[in-house]
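Look at the two complexes coming up: subunit A is in both, with subunit B in one and subunit C in the other.
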Partner chain A sequence: MINLLTGIDSTSSALDAERIRMDVIAENIANANVTKDVDGKPYQRQEVVFESVLRAQQDADSPDAGSQTVQIARVQRDSRPPRMVYNPSHPDANKQGMVAMPNINIHEEMVDMIASSRSYEANLAVVKNARAMAMSALSIGRHS
Partner chain B sequence: MDALSALKMVTTPPAGGLSANSMQDLAASATKSIPTAELQQLSSINSDSPLQTSGAVSAGSGASFENMLGGLVNDVAQKQASAGSAVTGLLSGQNVSLHQAMISMEEANVSFQMMVEVRNRLLDSYQELMRMQI
Partner chain C sequence: MIDALFTDSDYVAAKKMLDVSLLRHQAIASNLANVETPNYKRLDVSPSFEAQLRQAVAGQDSAEIASLQPALAVDTGAISGRSDGNTVQLETEMLKLNQNTVENTLETQLVSGSLARLRLAITGKG
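Our next item is the complex of A and B:
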């Protein structure tokens, strides 16, 4: 199978990974005020862990055989303690009137989101460049 | 790129490529038919030339230029089909992300352009041969 856009596999997998990272950030922001998660405890911040995988060498002749792609190794919970807020009227408040809120700092999430979208853009720039390179190589023999 | 526009690109001549005159040449030569003996001579010259054996397509391995060209067209068709299925998957809410669909469309586009360029070069060299003074 011809592959004129070599290296696009790594980029595609990185785009996928960034997409999932963005989904996890969205989940964190959405649950920033949830005091009762599915396990009854306050929601815990989640973060993604990336890992690189060696692309299967089905075709040793192909130019990008053995390139490294990115995937999400796991989505792990942040072990920081919950944020304690004084709010005696809250139904989940303890005897001292403190409510355990999720350990989410919205500013931190926004910074993560910026990092994620910038790295998505960087990978898109790679795709655009690979395409432009292929197109300009194809124009070598064009007369006009 | 859908099949219709693909067909149009193949069937319509490239800008400044085929003139009406050369189309007549083509038609005239097709009716005359090239003598096969000469063609065989040509192919034997080709197989002896060092250029052929050093290139990717060697006459000895049985992979003819015709096979290679057919393979190219098949590959392009396959890429187009996979791009189509990616877009269908995206639109029907399957687990296909936007960039995957776009990248596979881009791959199909680039390989199609490659095929068109190969076809242009072939036609050019054929016309050059036809114009040759004997």
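Our next item is the complex of A and C:
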């Protein structure tokens, strides 16, 4: 199939990856105060790991050989220790009155979220430009 | 022969540059997709191509211009200012993206202009 929008493979993979990253950030923020996850321990922060992939189905001698897409390699748990907060009235408090809270820093998540939406926008700009180029290519030789 | 109208070196060069701008767009799409991938190195059209094209255009050799093949290569001049080894910089990349789109518009207009002049010559009206 001919590809009218140049680079759409890379861009769509990046939009997918950023969307998943945003989902993970949302999950982290939503669970910022969960002291008992399914395993009975405080919720642990999750983070995505990006990796680049050579575009599938391309000839080694085609001119655009070497261009890459991106994918989420894995979603891994952040191994930093839980945040200890003094709150003796909490049902999950230990004998000293300390509660193990998730190792989530809201500010960190907000910064990640902004970075994620910025790169989402950057990739949308790529599609917009690809579309403009396709439209001008289609109008070559048209009567003006 | 009408062939001569399509083998004018400027026309062939404009066509080749159209291909190059699409290829560069592909590289920028790849770079922006991987803006947060650790150890990704930015791609661009290989610099040796530009030198070859310049030489061919200076010699006005249409056949040589048409035979040139642009390719993508890792941009070795890009410096990583980040701790993750990635050499993509978002702002630079966005500027290049827009610059490339404008170049592409210019090249389509050059090609369109050549065709319009050809039509004018054949029909006597624009």
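Everything below uses one rule, namely that the second predicted complex is superposed on the first by the 134 of 144 C-alpha atoms of A that agree within 3 Å, B and C clash if a C-alpha of one lies under 4 Å from a C-alpha of the other, contacts with A are read in each partner's own complex, and residues count from 1 in each chain.
In the analysis below, a residue touches a chain if its C-beta (ideal position, glycine included) is under 8 Å from a C-beta of that chain, and two chains touch if they have at least 3 such contacts.
Given the structure is predicted, the values throughout are model-derived calculations rather than measurements.
Chemist: Counting only touches as set out at the top, which of subunit B and subunit C does A:Met98 meet: first, second, both, neither?
Modeler: Once the two structures are laid over each other on A, A:Met98 reaches no partner at all.
Chemist: Could you look at A:Ile29 and tell me whether it touches subunit B, subunit C, both or neither (first, second, both, neither)?
Modeler: After superposition on chain A, A:Ile29 lies in contact with neither partner.
Chemist: Which holds for A:Ser119: it touches subunit B only (first), subunit C only (second), both, or neither?
Modeler: second
Chemist: Quick one: classify A:Arg19 as touching subunit B (first), subunit C (second), both or neither.
Modeler: first
Chemist: Please work out whether A:Thr69 is in contact with subunit B alone, subunit C alone, both, or neither, and reply first, second, both or neither.
Modeler: second
Chemist: Using the superposition described at the top, determine whether subunit B or subunit C touches more residues of subunit A.
Modeler: After superposing on chain A, more of subunit A is contacted by C.
Chemist: For A:Gly141, select first, second, both or neither according to whether it touches subunit B, subunit C, the two together, or no partner.
Modeler: After superposition on chain A, A:Gly141 lies in contact with both partners, subunit B and subunit C.
Chemist: For A:Leu4 in the superposed arrangement: first (subunit B), second (subunit C), both or neither?
Modeler: Touch status of A:Leu4: first partner only.
Chemist: Using the superposition on A, tell me which residues of subunit A are in contact with subunit B and, in the other complex, with subunit C.
Modeler: The overlap between the subunit B and subunit C interfaces on subunit A comprises residues 8, 11, 141-142, 144.
Chemist: Which subunit B residues qualify as touching subunit A in the complex?
Modeler: The contact residues of subunit B facing subunit A are 15-16, 72, 75, 78, 97, 99-100, 102-103, 106-107, 110-111, 113-114, 117, 120-121.
Chemist: Sort out for me which residues of subunit A touch subunit C in the complex.
Modeler: 6-8, 10-11, 13-14, 17, 50-52, 55, 63-70, 115, 118-119, 122-123, 125-126, 129-130, 132-133, 136-137, 139-142, 144
Chemist: For the complex, give me every residue of subunit A touching subunit B.
Modeler: 1-5, 8, 11-12, 15-16, 19, 124, 127, 131, 134-135, 138, 141-144
Chemist: Where on subunit C is subunit A touching in the complex?
Modeler: Within the complex, subunit C contacts subunit A at residues 18-19, 21-23, 25-30, 32-38, 40, 43, 69-74, 90, 93-94, 97-98, 100-101, 104-105, 108, 111-112, 115-116.
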